[in-house]
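Consider the two complexes below, in which chain A is the common component and chain B and chain C are the respective partners.
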Partner chain A sequence: MYNLKWILPPFLAFLAILTYPLWSGPKGAMPELAKPKGEACVESATWMRANHMQLLDHWREEVVRNQSRVYVNQAGQRFEKSLTKTCLSCHNNKQEFCDRCHNYTSVKPYCFECHVDPKLSEVSHVQ
Partner chain B sequence: MKLLAPLVAVFALAALALGGAAAGQYYLLGVVIPYVAFALFLFGFSYKIYGWAKTPVPFNIPTTCGQQKALPWIKGNELEAPSSTLGVLGRMALEVLVFRSLFRNTKANLEPGPDLSYESDKSLWLFGLLFHWSFLLIFLRHYRFFLEPVPFFVGFLEKFDGLLQITLPTFYLTDALILLGISALFARRVISPKMRYISLAADYFPLMLIGAIALSGMGMRYLHKVDIALVKTHIQGLITFHPEAHVIGATFYVHLLLVSALAAYFPFSKLMHMGGVFFSPTRNLANDSRVNRHINPWNPQIKIRTYADYEADFKDKMKSAGIPLDAD
Partner chain C sequence: MSSDRRTFIKRLGMGAAVGLGSLAILEKTALVEASSSEPVETNSETRWGMLIDMSLCDPECNDCQKVCHAKHNVPDHGNKKDEIKWIWKAPFKNVFTDMNHTYLQAGLLEKPFLTLCNHCDNPPCVRVCPTQATFKRDDGIVQMDYHRCIGCRFCMAGCPYGSRSFNWRDPRENLKQLDPSFPSRERGVVEKCNLCAERVDVGQLPHCVETCTNGVLIFGNLNDPESAIRKALNEKKTIQRKPALGTRPSVFYVI
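Take a look at the complex of A and B:
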């Protein structure tokens, strides 16, 4: 072996960085989400988990640009296309529902830059 | 054939993942194969480094593109012909980070006449740079699945990568740039007959494989979405050695199998230039052959007999013959 003093430290550092997730402290399991109030979501829960952002984006466009406010789901049920009135009426705990998964996967949606988290507005009313 | 075989291999891998997911082989696809691939990567990479570390460098052969440090009134070029370790580090850093040697790439043209002309060709440098840096940033962005809490640099990268704020989920610039880079690197080998002649299946396969990885990842992000919280839970299970099979969309398993194939293939392929660039004697040696003697480790141990030894052996005889001795 030649030039070990030049090869070994950088190589060990490379291995350490590469395997860092394997040996660095405790890890996060799937976050516990707050139970929603209603019986069923507008679409199946599995589908919603993967695709809710696209549904919401689609709703926003339909409402703002086409004045189309009624969503008919796969089962033929009708819902108002509204984050605040439809989604948040069942999922009424943003911190323990939306935020937990979004923080877990480093997703920063900008829904609530315009929409109001109902919990927060209650608090501000009290104050 | 050189083009077809790697293409078929990549499609076969993707089909295998789709078939496996359809057949419910989630444990094999999600746990066994990634573990084996990562182990192969680690051991293969280490073995290659070990092999290079025990290979001696017989001669001092740095490539030089500038004035060597010589006499005090001649200005030496420390980056092009480094005379010190610091210069070598500087040159190596610029080579690794911005591919300085590719910047000097030329191409030869044979024009009617016949006239042979050479011109500067920066396209390899540009697209190589785009590709490698996009790949690095994309790799780093994936740490959101590997670490909990998500490290600070991920949010920073996501913010700047998604600066355009178009589409939902936000479109990442590196996604477009890596496709641009890899397409150009692929086109470069295919379009020019000279390049096509010297390209092998082993040159096309990594390009196609990485292209397929990028496409499957983008497909999973923008088109056929999966539950990424479950993806993270799955990966957290893998890295804590409590693996579980999860039912995640088939796109995820295609992406994962292709990445596993890349990791397993990496140490046994040209992709090892990642480690190899640091072991290039033409880059990592100082151009100081006039100052320090480079000893070839191959040289056999030659038994040297000095004149002093000789004189000591024949001292009496030399004295009696009247030959003057150094020792006196």
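Take a look at the complex of A and C:
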């Protein structure tokens, strides 16, 4: 083909850059997470891993807009629908649980600009 | 451009028609429906309200504010411009702007009056909020959903009572202690009293009511004729802030 040796290498480089997000992926092994308190999570751990963000979004809608503050899980257990009072009571090491996984997966929830990590309640202005 | 008298008068007439037409629109959208305190038709059994008996309030005492602000992580920035307030005291003349006259009882004009969000039955802040971050619950509490607030401050312009504050600064700059049981707010959102919705929902009294040892504050259901607040309203002579605006506050005062 006409001028192939000039066109092919830049084209391949372009393809490589284009598909970078697909083949790069997170580097290294999944970091170890702090051990939560308690026997089990609000729902099963695999379900939570995939769906906790939707659950929290649902909770805040329910609490703030529908005055519904109690969550009943699959097993019939009752939980207060609260980020700080429920999730962080078992996952009391937020840095080494939530944050560690979020850093690894490059997610930056802004919830803790307002919601309080009880561990940091003495020190103001830490997110 | 030349113009004879006939076209001038025609245009004048057209202008007047447009002007009058827009007046009619203004009338439709105006706040003043009727300056009464008739409740808006709702099928809710509950409408929370508050009665503030200022004859019992100690002018030196600020306990209700201290507890409210500590429990809700309301910062004290130390200056008027950045001030955030949920419940506070202001002179009578500022709280009841439409009731000042020259020969008012001695000292009343300057007497500090307790004030907070009125949780209006016909709340202008709710009407103007473009994201429905502010809304009225079935039980009458005018609630803010901070997750939706975009900080446009229309509600602050709409509120005739100055009950709302804007976070010009990060509240955590000036919070020595954070209470983990209630989130703080962040820079760029509006905030106000929520009548302790988080407590009322689980059957507790608002912090201010619980704190006050002088019995200044009575909290209760305005739709229940047997409630303490309705009985007190029956017995005492009470007033509301700016009733002529038709916002129908749920907060009542005994002077």
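One rule holds for everything that comes next: the second predicted complex is superposed on the first by the 94 of 127 C-alpha atoms of A that agree within 3 Å, B and C clash if a C-alpha of one lies under 4 Å from a C-alpha of the other, contacts with A are read in each partner's own complex, and residues count from 1 in each chain.
In this text, a contact is a pair of C-beta atoms (placed from the backbone, for glycine too) under 8 Å apart; a residue touches a chain by one contact, two chains touch by 3 or more.
Nothing here was measured: the structure is a model prediction, and the numbers come from that model.
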Identify the partner contact of A:P118: answer first if only chain B is touched, second if only chain C is, both if each is, neither if none is. second
If you stack the two complexes on chain A, which partner ends up touching A:R69: first (chain B), second (chain C), both, or neither? second
In the overlaid three-chain picture, which partner chain does A:L12 touch, first (chain B) or second (chain C), both, or neither? neither
Is A:A40 touching anything from chain B or chain C once the two structures are fitted on A? First, second, both or neither. neither
Per residue count on chain A, the busier partner among chain B and chain C is B
Chain B/chain C common contact set on chain A: none
Under the definition above, what is the set of chain B residues touching chain A in their complex? 42, 46, 49, 53-57, 143-150, 154-155, 158, 168-169, 225-230, 232-233, 236, 239-240, 249, 278, 297
Which residues of chain A touch chain B in the complex? 1-4, 7, 10-11, 15, 18-22, 24, 27-31, 46, 49-51, 53-54, 57, 101, 103-108
Can you name the residues of chain A that touch chain C in the complex? 60, 64-65, 67, 69, 84-85, 113-118, 120-122, 124-125
In the complex, chain C touches chain A at residues 73, 135, 137, 139, 143, 145-147, 170, 172-186, 197, 201-202
